[in-house]
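We call the chains A, B, C and D, going by the order they appear; numbering starts again at 1 in every chain.
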Amino acid sequence: MLTAAGAAILLLLLLGLCGPLHGRLPGSAARTDRIAYGGGMAGCFVLMSVGLAALSGAVEDDALSAALPIGLPWLGAHFRLDPLSAFFMVVVDLGGLIACIYGLGYGTHEREPGRVLGFFTPYLAGLNLVLLADDAFSFLLCWEFMSLSSWLLVLVSHRDPENRHAAYVYIVMASIGTFCLLLAFGLMAGPGGGYGFAAMRASALDPGLETVVLLLAIAGAGSKAGLVPLHAWLPLAHPAAPSHVSALMSGVMTKVAIYGFVRIVLDLLGTPAWWWGLVVLLLGGLTAAMGVLYALMQQDLKRLLAYSTVENVGLVFVGLGLALAFQAQGMVVPAALALSAGLLHVLNHSLFKSLLFFGAGAVLVATGERQLDRLGGLIHRMPRTAILFLVGCAAISALPPLNGFVSEWLIFQAILLSPQLPDWALRFVVPAVGAVLALSAALVATTFVKAYGIAFLGRPRSREAEAAHEVDRWQGAAMTGLAALCLAVGVLPALFLDLLAPVTQALTGASLDRQSGLPWLTLIPIAEARSSYNGLLLLLFIAFSTVVPALVIHRFATRATRRGAIWDCGFPQTDPATQYTSGSFAQPLRRVFGTLIFHARERVDMPLPGEVRAARFSVELRDLAWDVFYAPVARAVEFAAGRLNHLQFLTVRRYLSLVFGALVLLLLVLAIWQ
Amino acid sequence: MARGLAFDISHLLAGGMVLLSFALLYQDRMFSLLRIYALHALVLSLSVAWQAWVQGAPHLYVTATIALAFKAIVIPVALHRIVVRLGIHRTIETVVGVGPTILFGLGLVGLSVAVILPVTAESDALAREDLAFALSVVLLGLLMMITRRNAVSQIVGFMSLENGLVLAATGAKGMPLVVEISVAFSILIAFIVIGIVLFRIRERFDTVDIHALDSFRGERR
Amino acid sequence: MIELTPLDILGEAIVVTILVVPAFFAGLLALLPGYRLTARLNVAAAFVNFAMAMLLFVARPTPGLYLLVDDLNVSFIVLTTFVAFTTSAFSASYIAHELEIGRLTPTYLRFYHAMYQVLMFAMNLALVANNIGLMWVAIELATLTTVLMVGIYRTHEALEAAWKYFILGSVGIALALFGTILVYLAARPIIGQGLDAMAWDRMLRAAHGFDPVLLNLAFVFLLLGYGTKVGLAPLHAWLPDAHAEGPTPISAVLSGLLLNVALYAVLRFKMLLAANVDALAPGPLMVAMGLVSTVFAAFMLYRRRDIKRMFAYSSIEHMGIITFAFGMGGALANFAGLLHMTMHSLTKSAIFFAVGHISQVKGTQKIADIRGLTESHPVLGWGLVLGVVAIAGMPPLGIFMSEFLIVSSTFARAPGLALLLVAGLVIGFGALLLRLQGVAFGPPAGGRAPVEASYVPMFAHLALVAMAGIYLPEPLVRWFQNVAALLGG
Amino acid sequence: MAVIFDLVVQGAQMALVLVLAPLLTGIVRLVKARLMGRRGPSPIQPYRDLMRLLRKEAVLAENASWLFRVTPYVVFASIWVAASLVPTFATGLIFSWSADLIAIVALLGSARFFLALAGMDVGTSFGGIGSSREMMIASLAEPAMLMIVFAVALLAGSTQLSTVAAVLQQPEVGLRVTLALALVAMVIVAIAENARIPVDNPATHLELTMVHEAMVLEYSGRHLAMIEAGAFLKLLLYVSLIACVFLPFGLAPSGAGPAAYALALLVYLAKLLGGGVLLALFETSIAKMRVFRVPEYLGVALMLGLLGVMLLFVSRSL
């Protein structure tokens, strides 16, 4: 089984060679495109099947691990496919597969396709390898390889200075994160160098050290996943890459980061302390709230989506935090519920975030614009994209019967189990986090009403938007597939939740009851009297109540329709500029949260009576994390570099003084030491 | 010859070198500096010759000869001519005052004694005392290099440092390759002197001439 | 007298060859005119050297009074001769261009080739010397040679760099000599006077009886003396300028080899101290200097405007890391140190090859004037990206493995030190990537002339580095482990 | 057989809410008019309005998209489904397990989502203002609502409305501080969600402070009828919800006989009437507030809900 996975990964790595060959092979450049993406599809498909097979328990256990004589010499590279990695592998390769389909169409619009092709498939391979790695060295090697390849993908449009800046911030943050994980693994491995995961699982750490490992894991994996306040790189880097890569970065790579966190904290570290859950919950809640508030304020479609990723990561971490809190008390069934909720949201987010990024990519291809305020009316020119994007928006806004609602519902159910927790702090924090989640859920809906309403509805705000055209069939197919999956998970959540049973069984020692056997495929996580949900029935209900009245009205009342001028209360404004913009849409909520969270400054430049110039209004928003965490560090490094730089310009005599000083110092040390 | 006398004489010579090193530190006139340096080299050559005799190591006479001919005569003369030809100022600009420098130098001597003192006495006392003096000479030479702004006096500092090394090497009984090392060092010094003449080194090595400015190069600020 | 086997004799012959060949070619190349022939002879001599060094795996001489080949230095010898060989190949095409644009005259070319061989000779001698005095002489010779090479362009800047190098180097040499004398003084009462008391193998066996005070004092001087050559802060000042102003092949050799040779000397003395229980542990000193160098160089990387000078600072950083690793000691850290040293040599020389090409096609070494290299010169640009990514410690390249081992093994033992090291690494990483992005990406600027020199040496190095990051051959590992055990705590 | 009966009861529930919704609004309007000293329209006026609108030709703006035309039906359907999932006169309906209280809140959210989109479809400034404000109000009202849901669910140990009603019918539940807080919060949310004074004025047009009406300004004919019907249903839903959770007496349990159902129906009608009168009283006694005061007003609801939940968490341990 693992050999199939290995072969698929190798294929993916080799396909990276298509990059340099682009345009040099006989035949057209499009052919290399097709080879690379087609191969990518094949590889992802094999890997996804492997993951599914492993998850369904169809494979012998010993077929699921391998040790290769590479990597650390005396240890070798260990790979293993356990339920956790299998689940994430399904998520990753489903995303990868569809991204490859999308890439077939989207890739033809690249200015320098070689820069994408060369790293896209290795990136996919890297994502998978992280999941398979079973020792610290292989894990970090693949982890950093993943960062490296995605960094180069962010640099595809390298002529834009903003992208270069984004890529730079990204790679530095990625490297810091890797070092955090490296230190965590160093602690877990101990001075003897037990780098294998099996050895780490077996050895027990001092509680103090466990705490350090937890914090390092939060910093390392959390920064990659986009936990506030380490998130500031994410909204820069994710949008800068080509859209199918953005989809992978936001939809998939953040999931691999979550995998890293789960692997270290829930698997390798052993029994959690009660307050671990508290820390993770608080961070998750903070991330969810901040992420969505920033998302709401964005005017750049892709950046908005990236911030929304931050929000969703927060949601997943809330699930994980609850799981940790329950696990610490030995409440395994609630822990399994919380973990399932978090992991299901992992799958869901990968689906709808990819869909949304693909939609944004389609808009970008069609109009060349990412700024919401230069779009509008695309629903008429890109009907298919519009409807698929709408599905994505509805799914991410947790509207039933789509998939986003299911995972959010499950998380709420887990929160409702929390009064059973004995710790006071948790009793206060959990409901507060619940309130924050509720708030952010509502704000997500607002955010995506804004995104969809400004980009696709209304009248075109620019010539580019007016001249937009529908995208090609590959892109359409990819988006259709994702939309269908969003609906499928929403309507038949039981089937997907059952996939998670082996994962929770392995990590928490319990799993939810088998869901797919219940009548009508209803979801009953704990007990029927407690809570249940049936997406299928709800879908049928809504369909029934939509179609029947419509038919009745059309049959018995009237179906006459007339097109007329815009009414607008009798004073129609013909200029599209009079429409609401993204900034004005968000203004009421900016007033509510703005000064506190964004340091929002609104400046109005109102001409005096008699002046003929136009009035101007500008808003300045800042990402707090950037100001508080990133900028001071950058300034400190800059300052130290500036100070130390004087040492480059000394005279030889002064350099000699340094040598002399070192000598005298060491001799003094020696004299005193003796 | 009594063992005591041999010890006293070599002690005297080595101590003389430390004293002359202080004189170098103290001196602020160019030509006097060169003369004191010549004396420094002369004492070194005497000391080496004395060691050759005491240890019965004839090859050390070569070293002594080199010290005498090259360091005590050729180099000072050459430097003298350079100073005259290049029109270098005859007074030496120091970075810190002479007083503090001397005090600091005394501290250095104390330091060298302090670090050498714990050496077990089984390695013979001659070597041990010599070593403390040699270390002092080395440190004083370095101190001189960093407290003078003028290239010529810095070279003098380096050469006195090197004299300390030769003193240490000859004090180490039976050490092979001493001659080779002293030759190698002489070549090094010759290079430095030639370097001064050829390149009229200025900028980074402070100045040959105190009026020349530091012109930072390569990577300008 | 021990019976000599044929293998011993072969070993003897090999060692003599790797000394005689460069010495002979140095003389020959000083006399021969013409560019093509001499460049080829230079490559040929370097190749013979490398081939001979490889044979040392098969046969080694019995340690004599002057020469010694053991597990420790054989790795250095092979690495040195290999990089010297590839660099000579790079230099052959590089120098042709320098002649064309008139930066070098034929006379200086002759001098350059002769000096190249003298340098090879000196480095080989320093490595195989069994005598601390001989090693000192060899390192001094290597220093003098490189001083001359650094100044070979005879520009104002080059001369000044050479002068700075010369003065600081001379002081370093003096300090190292003092340390050498002290070691002899410590050894003499135990071993007896004469050459024996300066021979590595004999000293190591008897080191437990040496006077610890003298050894400590000696180590301070040796660490500072040879540390100057290694380029440890605050003794580093000569290094950036010498790298920046000399011909690029020399920068590659300096960074890739000469620093290692000096470090080799420090390691040898460290082993002596480690063998003496009463002497101070050399580890903390090396750790401290290593850390200072790493962090300092990391900060210095930010304000660099000259691309070669920047990579010179990166060399300081990496020598700091290596010194740190050896200072930490222990099987893992020593292994990592050796690996890091090897990888750094290969990578850094590859980077200098790339930089050489870049400065030739762009006609400048100013970072600000070089942009968009991956677009204007894709092969060169991506080669540079690969090299810098490797030196920055990203996988799947070799330095990642050594940094992984150093950091993870240190953190369990001394968390504070590991954090400082990581801080240095991250800061350096940030600077390198910042400059790399500026140089390799963005709209292209500067010349667009095609590269005429050969890419083979550069990519050969990078391929080795890439391979080592994923797979280290078993014999190499075992042998590194042996050496790591030799180096001790 | 029982299944068929259950299905009939479920169908009756769906029909019932549909039939009663306009009447409730009519009563509220009538009572309000009487309180203001006007005669007011007949309580069945909303039915007449709906019939009139349904018969009329629909006028669409030139650039209205399919979304604009579909939205009224979707909005109507979502609210209708939600309303029919709330136990009105009987608990334990056959499909009640398909969605719980959280899902009902989410269904209302869906309706609002689409309505807000439709408001932006034609691209007028009025539509934008309406959508923007509606979403702002919802962003604050929905978490408050969820907090109320939490409070109730924690008290009852379930998010199923049937179970909740059944549990709260038990005498041992008694009077709880949490319930009182939740009730106040629920009323506040209900007022905001139904666009009533003081948050919004359902009777206004051509006023810059309008919210809901600005959003649906472009609608006419049958589309407007569906939206109006949706609004009526929503009001009914909230009144039923409050009745079901806070005044659960008189609900017929699952599988009760027709007589019990008839009695329960009468009780339900009485509750609706009471709710309508109270709402009218409240609305006539208060002035509309400025839009930017609304967040503070809703913040109170959120705080009350959270406080209720916290109290529960704390009291559970005592």
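Following the convention adopted for this analysis, a residue touches a chain if its C-beta (ideal position, glycine included) is under 8 Å from a C-beta of that chain, and two chains touch if they have at least 3 such contacts.
All figures in this text were calculated on a predicted structure; none of them were measured in a lab.
Comparing the chain pairs B-C and A-C, the larger number of C-beta pairs in contact belongs to A-C.
One finds 31 Å separating the Cα centroids of chain B and chain C.
With centres taken as mean Cα positions, chain D sits 99 Å from chain B. The centroid of the Cα atoms in chain A and the matching centroid in chain C are 44 Å apart. Centres computed as Cα averages put chain A at a distance of 35 Å from chain D. For chain B, the set of residues that touch two or more other chains comprises 115, 118, 142, 145, 203-205, 219.
Across the assembly, chain A contributes 648, 652, 656, 659, 663, 667, 670, 674 as residues in contact with two or more other chains. Multi-chain contact residues of chain D, defined as those touching 2 or more other chains: none present. You'll find the chains touch as A-B, A-C, A-D, B-C. Within the complex formed with chain C, the residues of chain B that make contact are 115-116, 118-120, 122-123, 127, 131, 134-135, 138, 142, 145, 158, 161-162, 164-165, 168-169, 172-177, 180-181, 184, 188, 191-192, 195, 199, 201, 203-205, 217-219.
The part of chain C that touches chain A in the complex is made up of residues 163-164, 167-168, 171-172, 175, 213, 216-217, 220-221, 223-224, 228, 234-235, 237-238, 240, 280, 285, 296, 299-303, 330, 332, 372, 374-375, 378, 389, 392, 394-396, 400-401, 404-405, 407-413, 418-419, 422, 425-427, 429-431, 433-434, 437-438, 441-443, 469-472, 474, 477, 481. Residue ranges on chain A touching chain D, taken from their complex, read 376-377, 379-380, 383, 386, 390, 394, 397-400, 405, 409, 412-413, 415-416, 418-419, 422, 424, 427-428, 430-432, 434-435, 438-439, 441-443, 445-446, 449-450, 452-454, 457-459, 520, 522, 528-534, 537-538, 541-542, 544-546, 549-550, 553, 557-558, 560-569, 572-573, 576, 578-580, 584-589, 591-592.
The touching residues of chain A, counted against chain B in their complex, run 648-649, 651-654, 656-657, 659-660, 663-664, 667-668, 670-671, 674. The part of chain A that touches chain C in the complex is made up of residues 20, 69-74, 112, 136-137, 140-142, 144-145, 147-148, 155, 158-159, 161, 164, 167-168, 171-172, 175-176, 179, 182-183, 185-187, 189-191, 193, 195, 637-638, 640-642, 644-645, 647-648, 650, 652, 655-656, 658-659, 661-663, 666-667, 670, 673-674.
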